[in-house]
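Letters A, B and C name the chains as they come in the text, with residue numbers starting at 1 for each one.
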Amino acid sequence: MRTFPIGGIHPHDNKEWSKDKAIEVLELPDEVKLPMVQHIGAPATPIVQKGDKVLVGQVVGQSVGFVSANIHSPVSGTVTNVDMFPNGQGQRRMMVVIKREGDEWLETIDRTPDHKRECKLEPKEIIAKIKDAGIVGLGGAQFPTHVKLSIPDGQKAEVVVINGVECEPYLTSDYRTMLERAEMVLTGTEIVMRAVGVERAVIGVENNKPDAIKHLREVIARDGYRGIEVMPLKMRYPQGGEKQLIAAVTGRQVPPPPALPISVGAVVCNVSTCVAIYEAVQKNKPLIERVVTVTGKHLKTTHNYLARFGTSVSRLFELAGIPEGDVKLLNGGPMMGRSVVDITAPLIKGCSGLTVITGEEAARGKELSCIKCGKCVEVCPMGLEPYILSKLAKLQKWDMAEEHNTVDCIECGCCSYTCPSYLPLLDYIRIGKQTVSTIVRARAAANNKR
Amino acid sequence: MATRLFAAPSPHIHGGEKTRRIMLDVILALVPALAVSTYIMGWRVLLVTAVAVAGCVVFEYLIGRILLKRGSTIGDLSAIVTGMLLAFNLPVGIPWWIVLVGALVAIGIGKMTFGGLGCNPFNPALTGRIFLLIAYPVQMTDWTTNVPDALSGSTMLADVKGSTYDAAGNIVLGNLNLDNIDFMGMFGGHMNGSLGEIASLALVLGALYLLWRKVISWHIPVAVLGTMVVFALCVALSVGGGALCYQLPLFHILAGGALLGALFMATDYSTSPMTHKGMLIYGVGIGLLTMIIRLWGAYPEGMSFAIFIMNAATPLINKYCRPKRFGTK
Amino acid sequence: MNPLILTVLTLGVLGVLLAVVLYFVAQKFKVEEDPRIDEVEKMLPGANCGGCGFAGCRAMSEALVKNDNIDSLFCPVAGGEVMKSIAGYLGKSAAEKAPMVATMRCGGTCQKRPKVNHYDGALSCAVVNTFYIGESGCAFGCIGYGDCVQACKFGAMSLNPETGLVEIDPDKCTACGACVKTCPKALIELRKKWPKNRAVYVACRSKNRGSVVMKVCKAGCIGCGKCAKACPFGAITIDSYLAYINPDKCKLCRKCVNECPTGAIVLKNMEPLPKEPAAPKAVESKSETANK
């Protein structure tokens, strides 16, 4: 069975807590807060004002420039505020607040339940529709999908890789999506293939989800999806990383930055993104909701919700019942998720799950000195030397950190996870990566001017 | 709400591996060899080991607390490992005060001077042993005191000393008479040597446990022993081949500290390279140097010096054997 | 020949030969260097802190010797007197520079700015700043893990465990600016150093609206503007709900201090002006502002 070539770890997947919970439609929220940044790139501009009436699917934030994404209202009602509010990390960001009244949708949106498979649109039309629908990578990176599907001149896509890996422990939203919305995933995949002009697509699924592999294969055979193959992958974190997945599926390694996946002919999409693409292209439905897992060992109940964006995360945690004592609330899973410290924050596009970890699991061990065991080097999926990178960042030796390729780091956290001395390796590497990236960009800009 | 909200950068979980657990694994892996040695050589093995371990732990505690003025680091159990390895490298009849001097050098000079665990460029136990070997050569090579009669005498490695070339350019292997050697006995521990290195079988078992626990990887032991085998084979062929082709390699692996060195001393984390490629180079270097010292050097055994020299080369190996960057060829 | 004589001869000849070679090589590769650089370097403090903008004291001395106009070069550690003597030695004119001192502008102690979460990562402000606002609700305040304390080469900074804030000893501070560069929240500013370490400054950097500030910190500037009105020298400006006292215009009259409803204006080493009889009223009006 295939997997990516170097590094990686095997954390307990902890999926048993929520994997058998069918997707439930969450009750409509009374109020939604919509951040104008839910994507990588330029923030959207709010185009509504206090007092405006909006319908479900109406644009409230207009994208600015190519690398940006529209924000649509997920509810119908009245705009009550356009102001700065804290996000999950407490940082104040521009948000549009809408008070819900009823549930009226834009008429252009096809709300019938039947599956519409046939798509005869031209690639350009498909990409335009995806752009209008404000679709971003729903795996967590939130990179605008239309940018990804616009193949630069002189390059050619050869294969579409669909990410059904969900290597992050605890999370099950993609798993449930593959089980319950397989037709949408597959039609979405067909649309992506059409948009980038390739004949072959591979859905990578880790072998800890045999049901999903079997179900997808059955649907492909039953409905005759041509050129789509389901590839079981050996369970290993971080297989869901874009570069790791491409290497696992195609055997080709994307060269170091600034090279993109297209340089080896691959276009990668998450399964949930495929569903969003299907809905946008076939049903004219913009991105207003997603499947989100609410999970944790000590929660009263765990769920896989279909929730509208902008719903307060406190509502989701409330429904699950947060245990008392020391807890860590995470937007995402325990390997790459971000700590949530302000639960008034809204659910955003990139949030595939909310994980609650408690007590001992949440607390970090005592830092000891590095024993040079080399385990971080062994597990690094990018072939870096985390112990050096961390030290260089601590000493602020940015030029040396750059020489040691700190910008290659994908922040998967394998190094910190595996360190027997509990060193916060990634904490410092992240500083190094950010600083060096800034330096590199500034240098490139200066060179361009000349 | 009695809930306290934690916040930290990702990752939020840990694999659960601890320095302490690794050290404990090494200690466990050394116990069978200790037991076999005690069975063969008597209770004094335990005494020497106890003195060495106690010395290392006490010196680490005192130096950390009084000289470096920081918290005690003995909880990580690394001092116990150093103590055991030091004892394993000593003859069983060694006076107790020499053991203590060795412990002081191992911990004081070999480890704490450089900042403690992980910062030492040389294996602390080896630092202690080499110091003793040079400072107390008589006691360190006295293989007769407190030893059962069956084992007394010189070590077999001393017999290969004086290997020379004859007039025709062929190698001549000293006084060694390989036909009289009981290889099975050597494997089980019936040979002369320092107290930890004789129990070959038990050492191999311990190393297999470490491999299974993923504390060490196969690269260094295989590279060291493999190089020694190949080297011995070449020597055997140049002498004349025949039965020597398997006798000489087997002899060199079983005799002296080859197994103890390759399996436990050379694999020490802080003094060995980080990448697998580096480990192989490091291992080959140790194997070569060991054989050169054994056959032509001034000392009968070269393992300690070979590891010591390659320890010095480790930073250099780390610099040139970096891991393969993802996406490059 | 006698081996002794032979040895002495060989070594002697060898020594002379090598000495000659060495002499010519040294001549060939000699680097012409102004001897004054060494002298100037001796006059500099030798801390190699980089406060002047150069890599170290040697680089600074070279610049001082080479440049005709040294107005822009200043060693904050040595101070004006030393710079004057260096300029005198080089026969150049030194720019007058007032002494400066680093000032930490956050008054959010643990009591006034309660912690709302428990941080459990690497103990570094820079790490905290990579992913969230910190343990209090204020996105602008002191994180309190002491990156600046580490950066200070003169032992002038310390972390007060009771307040959770960094404190600066003005007598030890050399205004080298290392802490200013380190603080991820840009809380530290080099301000004019008054005699007896007197100082008046706004100990807050929050650009949030007053209502937001008051929710998370009792010592924050709410941008009410009373201080700006009270200032007779026009030294105080309000920008993004935040007052700032311009150190070049401030004359330490202290009129602003009593005006501040939250105590965000800090007075150091000076007695505050006696409170006017109208002060109680002022307090009332403050609480009104607070309620708005």
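The definition used in the following text is that a contact is a pair of C-beta atoms (placed from the backbone, for glycine too) under 8 Å apart; a residue touches a chain by one contact, two chains touch by 3 or more.
What you are looking at is a predicted structure, and each value in this text was computed from that prediction instead of being measured.
Of all chain pairs in this entry, the one linked by the most C-beta contacts is A-B. The chain with its C-alpha centre at the largest distance from the centre of chain B is C.
Taking each chain's centre as the mean of its C-alpha atoms, chain A lies 41 Å from chain C. Centroid to centroid, with C-alpha atoms defining each point, chain B and chain C lie 52 Å apart. Chain centres here are Cα averages; for chain A and chain B they lie 49 Å apart.
Residues of chain B found to touch two or more other chains are 4-9. For chain C, residues that reach two or more other chains under the stated contact definition are 116-118, 120-122, 127, 130-132.
Within chain A, residues 326, 328, 338-339, 341, 362-364, 424, 427, 430 each touch two or more of the remaining chains.
Put simply, chain A touches chain C in their complex at residues 84, 89-92, 326, 328, 338-339, 341, 362-364, 367, 424, 427-428, 430-431, 434. Residue ranges of chain A in contact with chain B, taken from their complex: 5-6, 9, 11, 169, 243, 247, 253-256, 259, 322-330, 332, 334-339, 341, 357, 361-365, 368-375, 377, 380-385, 387, 405, 408, 411, 413, 416-422, 424, 426-427, 430. The part of chain B that touches chain A in the complex is made up of residues 1-15, 17-19, 21-22, 76, 78, 115-119, 269-270, 273-275, 322-328.
The touching residues of chain B, when paired with chain C in their complex, are 4-9. Taken together, the chain C residues at the contact with chain A in this complex read 116-118, 120-122, 124, 126-127, 130-134, 137, 139, 208, 212.
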